[in-house]
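Two complexes come next, and they have one chain in common, subunit A, joined by subunit B in the first and subunit C in the second.
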Partner chain A sequence: MRKSCLLLSQGMKYTMKIEDENYVLEYEENTGRISIQGSLRLNGLDEYAPLLDVLVNCMQQSDAMFVDLSALEFLNSSGIAMFSKFIIQARSKENFSLELNGSSQIPWQSKSIKNLQRLFPALVVTFH
Partner chain B sequence: MQPRHHNARWQIISIILGYVLIVGLLGLTTKVGLDNINALNESLKTVVLQNNIKARYISEMSDAIKKRMLYLHTTIHIDDPFEIDAIWEIYSAAAREFITAREKLTAMSLTPDQLDQLDGQRKVLAQAQPLLDSTLNAVRDEDKDLARANILKAQQLNDEVIKDLQRMKDLQQEIAESAVVNSARAISKARNRILSLIAAIVIISFFILVAVILIIQRQSQNVSSLLSRLEQANTELEDKVVQRTEELLSSREENARMGAELAVTNKLQQMLLPPPVELEHVPELTVAASMSPAEEAGGDYYDVLRYDGQTIIGIGDVTGHGLESSVVMLMTQAAVRTLAVSGQQDPVKFVSVLNKILYDNLQRINSYKNMTFMLAHYQDGVFTACGQHEEMLLLRKNSDAVERIDTMDLGFPLGLEENIDAFLQTCQIPLSVGDCLLLYTDGIPEAQNQAGEFYTVERLIAQFQISRNLSVQQMHQHMLNDLRAFIGMHEVYDDITLMLIKRET
Partner chain C sequence: MNEQVITIGEMVKLDNLLDEGEYLQLGFQPSSMPLKERWRNNGLSADFMADYVTTFFPKHEDDPGSSARQMEIKSAVSYIANELLENGMKYTLEHTRERISISLLLEADRIIINATNAVDSAQSQAYQAFAEQIVSGDPMDLYMQALEASATGEGTSSGLGFLTMLNDYNAQISWSFYHTEEPRAVIATTQVRVPI
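After this line comes the complex of A and B, so read on.
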């Protein structure tokens, strides 16, 4: 079952966490950093909506955003569609910088992150 | 419920005690009042009785004095000495009567004034006695003038005594009257005391009554609030039952609807795939292809069409599962056939137009579906591919190694961007007789076993190599069998499409 919670930290900035048995999404508002770990195999964009909300909310809150996917082992095609949708929204925001961190060891990432970069040429992609 | 019973018992006991107290106070009041009134009555009776006796004695004294004076007068007119002696006897008897009455009166409780008066009378009478005696002697001596003069004197003194007695009688009367007034006051005092006691009892019992009423009222409020809570809980329970029943009914409807949707989706998907008989009639090539849907139908697509001497092969994968994905696949199939029928020979234009068709339609239905798609034209030994999909695996007749042909740079997912021309390229693969090409969707490398391991492209390549000497149909079957054996009892997440194309002639 999916759980969402707000974790208050110092300076009244919050960390948001969405997780189930397969994945964890963490959002630190003060740093504009989102990390997703595990394996995302949700069914359709409806089930991805809460995650997309976090991404879009983070984009609206900050001018610079860092998304760490280096520990996201698997992302199904609906998940890729969600990222595509997010990138299409993000590219229309002026003076917005977005950095994606991925892992070259994970098969789905090389192809999909490249497609994301094609959607948003200003997207900074780092692999490690 | 235990303390409630306890309370009720205490209330009953306190009510009974209250009644006992009220009855006791009433009894006490009645007794005190009666005693007071009885005592007053007794003292009044005594006063009246004593007053009567005193009045009688005073009257007797007064009568004795009058009688003596009368007989003294009578003696003046009598000459017979015997007769005078007889009267003298009566006269003396009257004197004795007077003394007896006075003694009796003195023996009674008298006020100091009365005693003084009596003492004064005695002196007057003692003063009168010699006069009377000399009067009697004068009568006997027949000195009537002296006798008459003495009688007059004695008369005056007697009158004084009689007046005095009368005053005494009046005084006694006054005392009696004041005693009556006093006792009337005492009675009214007693009555007031009784009345105030009764008032106190009435007030106390009023307070007890009010307290009892308040307690009962509070209890009945408690009971009614409990009842209303119970009623509310009951209503909530009923509502929940109704709600749950509705949920069950609607979930049954939802299940039925989803079941129907699934059936329609599967049917759509299977209907639009080329039947084996079509695949058998492709010139130069032997094609074996299948699509097995995941538990929930998805959006894998493949097709083999022939128009104007060209064989057109398409393969694609719509994101997600369900009816919407299947509808996108249906659109794709219809558009591909339309483009093929219209004689579109340029693969780039073919894919570009297809992207525009899908993009516009997806915008209309407000969908974020997109699809990987690769189209190939085959003619005269050349396989020309365009569009981004999975890798193509090529096993040449004269080679043991499988070539992996990446399609990443041949295109872009369809339906995401309005124009993808910048990303579209073609790739020409010459096929010799005996060369075999393998196309697949990501359902194969991403299939997982019980341990959570992926099937991977490498394993697919290995099975491709192992089965290379089998017929195309047998190779196809072998690879599917291996994949199924790998997955075992694990859930199948995605559609699995496998297509083998071998140039035979």
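After this line comes the complex of A and C, so read on.
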């Protein structure tokens, strides 16, 4: 498995990127925006730890966060567990707003993202 | 040899069904390749099965619903097959002659996916207890409990996988277990039925 973790400086914009042949996670530090694209089928929470770290670090450094999943075509159960773990941490942070954006064209999203909202009713979910 | 088969949930016997209808089966030898190298095969195999099924649910330009239906079925097969293969790869006995296999049978009103692998007999006991819990509990309650448990590292993602099948894909799940001639080996079969 090929993985790279880069911190790029693009002018004033700092972007962190984690990727392998199946997915890309990008984090724009100054906008609090994270996008995850592709298919996530990693083996267990151990393999998801680097992604979870990015999500949690972003949460700890900001008051508002936007996670774009609209191009995440596949997520296995370990991935659902990772998002669940993240959202449970996010709901205990005071005055924190979290928005998840999904695609109505990808069937798993409307189901699983709504289930995640049950964990954290203040979670804003948008679909396009 | 112990011929006793333990069944949890209502299991559809495939023997008679295989003479008719569309059928696809993939088999893997656990000892032939390390798990880490084999892992990517799960996704490839699951997507292959999902693509295969779409042939039988063609899109019609004059019927927008047909496209959505094809997408739903493809997504369900891809998720379920991937989860079952991941479980098979994770929990199979390493040194066994028994293969990990997954099969898909297409019927008029449902898809039946069966996945089989050998597990350690001690592990089989825990698996059976877990299966009993799933068939007797409320799927949404169990699902929310599993999500909460993931925060503390309790529970397993396999449990979450089964509960997702029940809640998000309206699947029915059943299991069977029987001992083989190999000492300490139990053949575990998971059957997932998805209405179409």
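Note that in this section the second predicted complex is superposed on the first by the 121 of 128 C-alpha atoms of A that agree within 3 Å, B and C clash if a C-alpha of one lies under 4 Å from a C-alpha of the other, contacts with A are read in each partner's own complex, and residues count from 1 in each chain.
Assume a contact is a pair of C-beta atoms (placed from the backbone, for glycine too) under 8 Å apart; a residue touches a chain by one contact, two chains touch by 3 or more.
All of these numbers come straight from a predicted model, not from anything done at the bench.
Superposition of the two structures on subunit A leads subunit B and subunit C into a clash. In the superposed pair of complexes, A:Pro50 makes contact with neither subunit B nor subunit C.
With both structures placed on the common chain, the touch criterion links A:Asn115 to subunit B and to subunit C. Within the superposed three-chain model, A:Gln89 lies in touch with subunit C and out of touch with subunit B [touch as defined at top]. Touched residues of subunit A, counted separately for subunit B and subunit C, are more numerous for C.
Looking at the shared chain after the overlay, A:Asn22 reaches subunit C, while subunit B stays out of its contact range.
Of the two partner chains, subunit B and subunit C are each touched by A:Phe74. Of 24-32, 78-86, 132-140 or 492-500, the subunit B stretch that intrudes into subunit C once chain A is superposed is 492-500 (criterion: clashing C-alpha atoms).
When the two complexes are laid over each other on chain A, subunit A has residues 41, 43-45, 74, 76-78, 80-82, 84-85, 88, 107-108, 111, 115, 118-119 in contact with both subunit B and subunit C. Against subunit B, in their complex, subunit A makes its touches with residues 41, 43-45, 74, 76-78, 80-82, 84-85, 88, 107-108, 111, 114-115, 118-119. Looking at the complex, you find that subunit A touches subunit C at residues 1, 22, 39, 41, 43-45, 74, 76-78, 80-82, 84-85, 88-89, 105-108, 111-112, 115-116, 118-119. The part of subunit C that touches subunit A in the complex is made up of residues 35-36, 39-40, 42-43, 71-72, 75-76, 78-79, 82-83, 86, 90, 143-144, 147-148, 150-151, 153, 157-158, 160-161, 164, 167-168. Of all residues in subunit B, those touching subunit A in their complex are 296, 317-322, 324, 368-370, 372, 388, 408, 412-413, 416-417, 423, 442, 445-446, 454, 456, 493-494.
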